[in-house]
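The structure under discussion appears below in the form of structure tokens.
Chain nomenclature is as follows: A, B, C and D, assigned in order of appearance, with residue numbering initiated at 1 for each chain independently.
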């Protein structure tokens, strides 16, 4: 914490009128540090979930499938070529490619067993259509045009995507609830701690009043002190959170058995925060510091109102 | 300068401490405030410091009717009053020097401006060598002198002192009273609460004597 | 908080020597309440995840499947009956039942498309074997005996179960990490707050010493006070956590669109804590209270060592 | 009873406050402790209360060599000593009654046992009516009397008092000194630090005078 000492200093000569290094203020710094840490953790978690959810969702939405049923009297290969052509002509499609029989088999194998030979079965065949621009792709016209091929059906995975979105939303909303909870708790904690610090500084306030200091003067002296406490605490908390994430990323990538790493990656994406994410987390620091300063300013004001006549 | 009109004081719903008190004090006068322990000396001084409101009656100070002032004007008025508390009320985390300089800081003066004055005054009250000590290592008498220095440093128009010599030896007592007399000659109105009969006799200023809630000025 | 007032009282006559209702102690109560709340939240989350994971896992492990490939010259129906008989004779098996062709089709349909008619295809057939006692079922002998049926294969879903277990373990370990973090933070917070409370009671301790009170006497006076603070704080926190869970369960079941409720249920099971779970969460209350009392007792001891000569 | 052998005292590496002091005080004696402000009266009393260690030299009290005692024995010894602090040191959250009863509580007495005694003593020092008031609403003199009552309630073998009459009027001062004299007659050894020459003259007990770090007993 020594590197944070600069936060204690002001211009050199006079000692601050409000004592700076008391145990109560250390408690407050610590408390703010914990709360910032927890907020940052939740916040980082939110970023990670949100990222992987949108990654899943865009993976899925970048691909639609045309399924062609084997129908007596239709030439499957010709139909596959036709579907490819129609799809490729649709706006927003980058590429359409029929799966070979072997590829289709590979998709089915886990369900039908290893030894199955599908070559002499008439199984349905698939055309995988890659979208360059999922949002603006004209899937409706594609669907209409496919009607000329008997047994063709367009599968846009909508149901899947909906489910995924709902799930991601649910997780994010729960996370935001917890985040809010922690922020509210932080503010309450600051409020209580400010009051207790104030009341242990009651003597100082009294004396300042008796020698004619205005409420503005007193509030300023306390305000700047609490801003410094808030900054110190939230900096410690924010930096700890980033270190925590770095350690976590390091541990998951190097120590855990790779099978669980895969699980985690599937669930949360990689535990790697980009510079932007770190920046976003660090932006909590000034916010919490300012909230602290503001809360304590309000508290000080109320306190001063109560004790002057 | 100071006018009390039928002022009464009681704390909460306790007994009446001061009853229907009326008096006026002229600018530049010097009074002792006497009365037995618990008679209400400290309470009267707190009225004068504007830190207590009278339960009844009117008081005016420095030409202003107190009940008509808002809070900011009150605090402004207080800057013209210096006070020595019976229990000193020094700030524990500030050095003696900084405690004494506090009223000047509140008035917005810079360290450069007040440093000389503060040091001179500290030397005068015999605290030159304890200047950088924190209050809780000072002896009783040293604290008291620091409190006196803080009260007079800003040359207030009115000086209130609550038993300012209760903790010092008679010699130093007299020296401090000479300091008060000096300030008085320069125009400060002074009221000192004290038990020390020998002082009262020696300096022979008029007395405000509290007895059973009333006052006698003699 | 009024109902908690009884915690403040002791026998009637003398006022406790250590002041009970100060702002600092209120801050401490509040702080402990928050930390207990967060611990209980994490703890409850752990219970929920653990429960649904073991529910998944036991659902899976209660069932194994025998897959029989269609092989030229074998009678599928006879083989199915034989497989059923072998399975039923194995210890730990409660029931074995071949899926009908329709049921098999139903399993395949999502993958092959609605319109597919499998009746004239020779698809592999399944026998679902329910285990009464998954741990002691003699799957090895079942596997051996099935060798007499050509094209039969035993699928114990081991890969699936492994994956699920790894995932659940990962989540639980992360949760435990967070839980530990919060507990450590609580203790640190209590430590700091105790010190600050002590130092604001410095005067009291000094006076007690000067009139000859022994350290035992002083430590006892403080100890009982901190125990009460800890109890009050952790009770408030624990009860809030339970209320929080109840509200959450209520909200998820009544207000969220049912699709997201399903998602949540799939992920976490229902948000319903059993009486036992509530009991487990509440068991945090005395633990945290005792930790508080213990931490502060140590702090008080150290403090007393420092100031006496 | 009390023996000082070449005792010296300095705070940290500040100046030496007491230098090579030797004296002995007999059981049942009564001394005034005098000296100008900052001479070291409070410091000497703190040595006697065992709340300061001498920097050098040996002291023994009640027949025990202090440096040889462990902490528990020290605290035990303190129960035989009553003290009136210059700044009172009353506990703000306890009523006057409870402050005075504190030493008895520490000795393990139950409320029933001490209630009568405490009330009687409070009446004697004139605080009967302020019994349930908290210290911060007491006047200076009332606090001082409460502090005195707390010091004498357990009938200590040694009574130390630091300017116990600095905040009360001469009449009450004399009354309180008579209380001390009464205790003394019953066997308590008494040492009172004071500035009040009139008291010293009137009661005419021997003086321990501090000057420049040394002492003169007369």
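As a working rule, a residue touches a chain if its C-beta (ideal position, glycine included) is under 8 Å from a C-beta of that chain, and two chains touch if they have at least 3 such contacts.
Worth saying up front: this structure is predicted, and the values here are computed from it rather than measured.
I need the common contact partners of chain B and chain C, sorted by label.
Looking at chain C and chain B together, the chains touching each of them are A, D.
Among the chains here, which has the CA centroid at the largest distance from chain D's centroid?
A
Taking each chain's centre as the mean of its CA atoms, how far is chain A from chain D in angstrom?
67
In angstrom, rounded to a whole number, how far apart do the mean CA points of chain C and chain D lie?
Roughly 62 Å, centre to centre.
Please report how many Å separate the Cα centroid of chain B from that of chain D, as a whole number.
Centres of chain B and chain D (C-alpha means) sit 29 Å apart.
What whole-number Å value describes the gap between the mean CA coordinates of chain A and chain C?
Each chain reduced to its C-alpha mean, chain A and chain C end up 24 Å apart.
Show the residues in chain C shared as contacts by 2 or more other chains, in ascending order.
If we look for residues of chain C contacting two or more partner chains, we find none.
How is the touch graph of the chains shaped: line, ring, star, complete or other?
If you draw each chain as a dot and join those that touch, you get a single closed ring.
Which chains touch which?
Applying the touch rule to all chain pairs gives A-B, A-C, B-D, C-D.
Mind listing the chain B positions that touch chain D in their complex?
It comes out as residues 11, 35-38, 41-42, 86-87, 126, 137, 139-142, 145, 162-163, 166-172, 195, 197-198.
Contact residues on chain B for chain A in the complex?
Of all residues in chain B, those touching chain A are 49-53, 71-72, 74-81, 83, 85, 89-95, 98, 101-103, 105-106, 111, 150, 154.
Please output the residues of chain C touching chain A within their complex, sorted ascending.
Contact set of chain C toward chain A: 22-24, 26-27, 30-31, 34, 37-38, 41, 67, 69, 107-108, 111-113, 115-116, 121, 123-124, 151, 153, 162-163, 166-167, 169-170, 178, 182, 185, 188-189, 192-193, 195-196, 199-200, 256-257, 259-260, 263-264, 267.
Which of the residues in chain A come into contact with chain B in the complex?
Against chain B, the touching part of chain A is residues 13-15, 17, 19, 203-204, 206-215, 217, 308-309.
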